[in-house]
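In order of appearance the chains are A, B, C, D, E and F, and numbering begins at 1 in each one.
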């Protein structure tokens, strides 16, 4: 595909320095003449077809500037782990407000938003969750993503700005523990999911779960079937890393009772 | 399979001259000793194992005659595009009444009825529809198929006549536009779906969607899982024909907002 | 309320000579400066505040003329009992098409449409039905009302014309048999239901069941709660007319198995 | 009931100077030996049985101090109208975080939280909403209440702190416009709802809608039936203030299409 | 009503010596020429219009004899409290099998069966349960009633014998503790519920909850709306007996977490 | 895997002499150092890694002894065909009570319980059933399995003992009749399903259907998706054994109307 044929002129990727951002940085180039990469940290030198912008999402003016000339946004920026409330609020709540204000002001029509399965982390590992079920965040991080889903819904209902919220499981080269056998999202599937979210002609406001075709399933993606996302990988390829065991976690262990795993008790809540 | 082993003695295919009828004409021969082909237009010469009958469905006596000696019906006749109300009423409403009167009089036990996804064409392309959700026809054609589903339900509840209503998407050699990437039903899958509808021992009154195993899915076929229909083809084979694009349809364009696509505004309704 | 204060200028009531039409004729006068009464039969002399029009719904030009200058329609015309298919089709299918064509051409914004509980008469008397459940017509009459609900839905989705479909039970001075203890709609409640359907600011396309506050309930009206209809009467006032009995109907008697009662077997279907 | 018999020792009412706070101030006295009243504004002199504290919810230390010695909280503080994002965030998001941190630190077991029907204001006036359906906020105010429902859910799942979220409609002496005929919550019913939320032995995390027994219903309170709230008043007492009218709002008018009414377009979003 | 007019010839009431049986004994006389009373204990002398039979349900022949000449059965016999497994099995499982064998053999068409809300006692007091939700028995007694509901369903599906399973809450002269404010079934309402279950022309297999119109509701009786049961009494009449309290049960106390109350931990399970 | 690495120390398999037990006997060896095999009949000599115990489930002491030293139970014992009520009660009701008493006493944490699709055999072959839908047993055998599902639920809710109830279809070397084309569970898939049920870290109380990936599906296994069971085989491999036929079963034939097939009329119920 020649440069001239690339579907977008300028695509913005926020959080480009993060784990998923780094993966996407290389894989999304065929989709745009220019990929604008943004992060709160240093992203190094721009490579061909890239623009680089350093941006703190809590800085309204910086966010407005970052959005200029952008056709569509892949928003993977902000804080993506459990943390104290105030930094999460600044990056993921105030920052997201800034982002959508800028999207609205610059007439951007589509956002792919990195939500999280931690919006529903307090469902049990024996339950199956779909995109319309009530929220059950498992920490301040998950809570900020609940906010993001509601805010993006509002911008769709009020202004027609389309968003796909991706409730990503665990996107790593391979599952790092037994829980990730269920939540694993291979990089190839991640890229395919983002591609579907970006190119499906109409998405309205869609919430989609992001996992590969793993054997164990906690999430029913039926409400996002119009995206056409079909995962190809499966965590079963790594089943040998987690041999069957008769040892059961203690009956009251929240990290195995709830889908959120360690997040449900990793938070800073009990600190004084 | 020798002639003697064919499951049916005489199978009636209406609309045998139409697009789908022509495909079925050759493919259903192994199912019956005689295939009776009917159409409002000229079907040419009967080939071995065929009987040909010209029949206007609005003509009650002709329909009664057409049904004589028939074991089961594949009803693909009538008008299958958007049109003025009166011709659609004559062919698809009055005509269908004639057909079921004849089916009842001649003791035929099973009808495979070509309904249409245009019975639900006014659902959005971001929604997933199943067979029990309220009807949302997108034109007079779709409306006539809503009538057909209700009429066949009545004949089942009242007389025990079994019908499978096939809400066929787009059955062509290949998808002709981006919308058909979702609605595509390959010919092999079409034949398999008709086969399942005809040979499943008990179907009661079943409504099934007819698409191939395309990546994008608007319709949930779970309520027809007892038919055993498993599509094998996928529109993904033709994905290269519809390259990704950043161009969005205008916000208010009904042909991309609604599943019915061009049907939702192609009708004759606004003519004087 | 002085004439000048009446909410509507001209309200059309079709089927004004029928049982329900006769009740409404007197009760709706406060709602409009002029009530236009239409019927296929003779309605006698117009009284003050009335206009009278004889109209066969199957006559397109007559229906167009009837609609001129009308602000809103109460459509109680057509055939309201089980009958042969062709007369029902002409009055209730073709006739309804004519009505909505005229409504559309004359820019009328709201129709209150007499649908029927016979659209769902083949549900069992032990089931509870709501407005979104699949249709189960119990005869050609019920089938024509299924068509009417789908057609009015189409005119709403395509043109924004609002309709309230009233699935009226049994509106008589009092219940005439044990079944009507469940389906009874007192005249006062009928008028209140029509009033709600006409004056609720926005109704979109609403399907509402019409019964009084009877003890036994087959229908869940929750999907029409935005109409604000609160029945006041109850069939319990007539409980003494139907003393308790130990006699059970025969096990296979369809008129007590199904909600439609005698309709489910009263039709002309089996005649030659 | 003598002082000694009052069920609570100290009850905290935040937002005591607001419209609803003022109503509650007098009505909740029988429930506690001491009612601690808090507000960002001046509350005047404490009356017998009252304590008064001035408190900005964005001030963490002030919130901690306010919670000392409290048995249960009625949280009606914060911003309760549409406003710019930052002040809403400070009062209703950061402020609520402070409140629950304090509740947790001081071991308070129950919060009655003034959420709002504007969490679901972008549902249509023809839809019926229950507590488990997806959120549809109609502005920044509604969005902050979505956050509050998720945060309180988290504190229940993580720490067992019980909250009843009250999605209050319009609590005024009488309905002020036609929309409030549906959303009206009479003061007596408001107090009864708060009483149920406070005294039901176990509430877990409950979301309840707050309206009187009005004829028109947009909200299904079934999921809160364990609270035992039975409204006694009805807006029908004021029906005469809003006479029936044939005038329809313009087809595209969002304030009548959506349940949120004027809120859906009253926000500051479009300002530069 | 003269004897001659009584609807039934002979009505069997089992468990006639129990709490509810004693209430029914006097109240059901108008429904039958003869009321046959049965119990495992001594019922004293038969009064006019009564027959008395001593019967152990575990004795097959005795049960067969008890059923002779009976038109309909009100089955309130068996063990109705938590107990060891074997006696419950003999009375409520084997005994119920005997009962339905006898019902079948003697051609009795209708049984009103005292099931129990303890079939679903392990739902939480913050949940609302309907008749189609999965069973959650709270002890061996509840378990035996789960069995009874399944057995009676089988006899309906297989033989057409109709049963109404009454999941009775707490039927006493008045609520005896705070939990019974929710589960209370006044005697008048009990009798009305039994009357509805017995005289509704067709009931198929119906599961109905038995409470009065109490303010707090754990159970949604919508699936039994065809019975026409409308409770008149309410536990609110006794609200003064249970004054509001700020004291919360301990967080882990199963008797307030679960609907079954003391039953959930009263069983003999932990005995050796 | 060396003996030392086997996940369990001692695994109990009841019903080891039955059809499925015999299959499992050889296939589960890698999961435990010792497999204890139990049956009411003679199991022959113990092979290496096996222990053999003869046990009548109706014998409480024998069941207690059988459970000693056991880590987990695969309960395939009891009666697995339609039979008279009393033997089924003794083996499958009283016997199951004994089993769970023993499980509780010996602190066993997990049971894999052979329930049956005959718990829902009275659903129609045109319906799709999931694990939360009401029970519809098709005989005394199915009824005993309904009891087992409720009893194991109780032991989970009360004591935290985890159970996976397997509603196994037809597990044989190949489908033996047309019905089994739908219910077929290949042995490899059976073993995989048992493996998932045994090794999934947390299962709570799960009900899973056991079939291979057959084309026709009556059962929706979504509620058990957390088990990670992915069938590999399909009855389609045997489609040639059941050629398509035009012959329909008689309209009223219960063995094709209902999912339970011959079970629905094979029972002893009508014997005297």
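Here is the rule we go by: a residue touches a chain if its C-beta (ideal position, glycine included) is under 8 Å from a C-beta of that chain, and two chains touch if they have at least 3 such contacts.
For reference, the UniProt names are A, B, C, D, E, F = NAD-dependent epimerase/dehydratase family protein.
The shown structure was predicted, so the numbers you read here are calculated from the model rather than taken from an experiment.
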Do subunit C and subunit D, two copies of one chain sequence, contact each other through the same residue numbers, with over half in common, or through different ones? different
For subunit D versus subunit F, what separation do you get between their C-alpha means, in angstrom? 51
As a quick test, compute the distance in whole Å between the mean CA positions of subunit D and subunit E. 41
Which of line, ring, star, complete and other names the graph you get from chains that touch? other
Go ahead and list every pair of chains that touch. A-B, A-D, A-F, B-C, B-F, C-D, C-E, D-E, E-F
Show me the residue ranges of subunit F that touch subunit E in the complex, using the header's touch definition. 85-86, 89, 93-94, 97, 104-105, 122, 131-139, 142-143, 146-147, 149-151, 153-154, 157-159, 264, 267, 269, 272
Given the complex, residues on subunit E that touch subunit C span 5, 7-9, 31, 71-72, 109-110, 160, 195, 199-204, 206, 222-223, 225-230
Touching residues of subunit D toward subunit C in the complex: what are they? 124-128, 178, 181-182, 214-218, 220, 243-246, 248-249, 251, 256-257
